[in-house]
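Here subunit A shows up in two complexes: once beside subunit B, once beside subunit C.
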Partner chain A sequence: MIFEVFRQERKGQSFQHAGSVEAPNKDFGDWYAREQYGRRGESVALWVVPRESVHEIDEFVDELEKNYHRVDGYPLKEKLKEARERAGTTATRDR
Partner chain B sequence: MSAQEQAFLEYVQGGGQVETSDWMPAEYRARLIKFIEMHGNSELMGVLPEREWILRAPTLQRKLALTAKVQDEVGHAQLIYRVVEDLGKPRAACLQDLIDGKSKFHNVFHYPTKSWGDVGVIAWLVDAAAIISQKALLKCSYAPYARIMKKICWEESFHILHGRDVILTMMNGTDEQRTLVQEALDRWWGPLMQFHGNPIAQGDDPSFSWRIKSQSNDEARQQFLDGYVPQIWELGLTVPDPKLRKDEEADRWEYSEPDWAELKHVVTGNGPRTKGRLQLRRTSRAETDWVRRALLAEAA
Partner chain C sequence: MSERAQQLLEIADDELLLGWRNSEWTGIAPFLEEDVAFSSIAQNEIGHARALYELAGRDLGKTADELAFDRAPEEYRSAALVEPRFVPDWARTIARHYLYETADQIRIEALKASDDAEVAGLAAKIDREEVYHRMHAEMWLERLVGEPRVREALVELWPKALGVLGDDLRPLLRERLAALDLPEVEPVERGKHSGELAELWEKMTVVRRSVPGATW
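On to the complex of A and B.
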């Protein structure tokens, strides 16, 4: 079996993927994960997850172009320029 | 090369990274497997010269440190073989090819360790040479390999610390101890200079074109000399190469041409300890077979 291992470096931090181990069963998976990713005090906790339990999603289709969720939905630069021209002010600094 | 392959090549050459589940050209996959498997083999075979000294370590502390280093290196082999497995070649097949002499491992692990001085020189300078190649792999186009390299480099830097400590202790000891270090350096210098491989033009090196590695062999060697020759000299040790000197103007080290014929001869299975060490692997694999079978039976 292959187990994906996630490790937390310090309390409060997010768990990050560390790598994977191959083991005949869950107990050995735990032990290999400890040896590979916790032996030198580099982790305070590990998540050991059977690979088949991990579902990857890597397509994010935006059919409705919901750009109000994204930074590119707010083109301030052009509008600010226009507003300044209207008000007859000049930028003291670039905001 | 198809348009898709061409696009992939441009992607990796532009610094793009590839994940296991991504499409990749068959040649890229084959190159990766060969390159990474050789690295895994080297980690695994690399513990054998040091293993020979666990029972002869001079103090309990050294014995523990050396055992820990051996454990680290075997752990690296496990991690690296995992990457190869995900690319399609099972670990059992890698081990079988290794003991059948069908795949290679690094030149330095084909040599004997004659004294405790060799153990220090290996941990200090062989690991230093290795970490230079491994650090360059942090930028490998194949992301899973680059990621585990971070952990590996971190542990290798412990080994250099251990090696330097062994060497400094001996250099601060008796004349006899200093002689052991000098003799070990004399023995290892040739293989160390061969370690990064003969200079190949980057355009002719497929590992470079696919951006599996991002550093030329000669660059790696220059970096090694730059980092470590001053450290060797400051201890009063002599590097056994009368031509070795730094051309400050060109910012390059000059040295006698390493013995490329020896390198080729050794890595193709003819090193002084190649056969003995592969035999040890074969024996230990056969002797531990029942453990694997028992575990798999229990897990089933």
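On to the complex of A and C.
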């Protein structure tokens, strides 16, 4: 079995993927994870997850090119400028 | 030599030699994760040996290195169980690992209950690491106990395993291993060395002997 190991460096931080270990069962997986990713004081906690429990999603459909869904697809600056011109105001005077 | 120094030396010698023998798997253990794990256990055992030698050394006026490396092979107080080289036999390695960790637990428990605060304190520290060694040994035994080679190795090593402990603690070992249904045997007493210790000693001390008295 392959186990994906996530480690937390300090309390309160989010867990980050550390790597994986191969082991015959869960108990061995825990043991090996501890040895590989926890024995040098580099982690305060580990998540040891059987690989088959990790669902991978790698398809993100965007057939109609809805570019306004994307962070780079919605140039707010231009649209704001146009709106202000129509209203006869400027950003500084508004504030 | 005080009884305390004698007792500490026995355990230190066991831990040093077993740590050395286990480290012979480094790089060639059955798979990568186990290589790291078993090497780590070996390092821990040698760390325990150093702490025990340091405490014994305070009574004897010697350093840990002097006790570990400057004695003649026949002066070592190690048990027969820890001396043989088992590479590349994983079945015997696991059988020894399990027998040793079980016996060592009994010995450490007795030390933790000692009236000597230094000994009890060190035993408690060592035990916190040994918990993980025992888990590891138990996982492996559970996995391989049905294999005839492991069974044979357990039977073969059983008299030597009994010899790790003094007379008083042997009944406890028999009791804890009752489920394995091992035969009634005469223990191999500590201090009867095989040729394998001399061979190991040659290797273990060669660098230190190359420049006597050097500071490393």
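The rule we apply is simple: the second predicted complex is superposed on the first by the 66 of 95 C-alpha atoms of A that agree within 3 Å, B and C clash if a C-alpha of one lies under 4 Å from a C-alpha of the other, contacts with A are read in each partner's own complex, and residues count from 1 in each chain.
We adopt the following convention: a contact is a pair of C-beta atoms (placed from the backbone, for glycine too) under 8 Å apart; a residue touches a chain by one contact, two chains touch by 3 or more.
Note that the coordinates shown come from a computational prediction; the quantities given were computed from them, not determined experimentally.
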| item | value |
| --- | --- |
| Which of subunit B and subunit C A:G19 touches, first, second, both or neither | first |
| Dominant toucher of subunit A (residue count), subunit B or subunit C | B |
| Subunit B versus subunit C as contact partner of A:E82, first or second or both or neither | neither |
| First, second, both or neither for A:W31, with subunit B first and subunit C second | second |
| Which of subunit B and subunit C A:E56 touches, first, second, both or neither | first |
| Intersection of the subunit A residues that touch subunit B with those that touch subunit C | 21-22, 24, 28, 32, 35-36 |
| Of all residues in subunit A, those that touch subunit C in their complex | 21-24, 27-28, 31-32, 34-36, 39 |
| Contact set on subunit A toward subunit B in their complex | 1-2, 17-22, 24-25, 28, 32, 35-37, 40, 42, 56 |
| Residue ranges of subunit B in contact with subunit A within the complex | 21, 71, 75, 78-79, 82, 85-86, 91, 147-148, 151, 154-155, 295-296, 298-299 |
| Subunit A partner contacts - residues on subunit C that touch it in the complex | 31-34, 36-37, 40, 132, 135-136, 139, 143 |
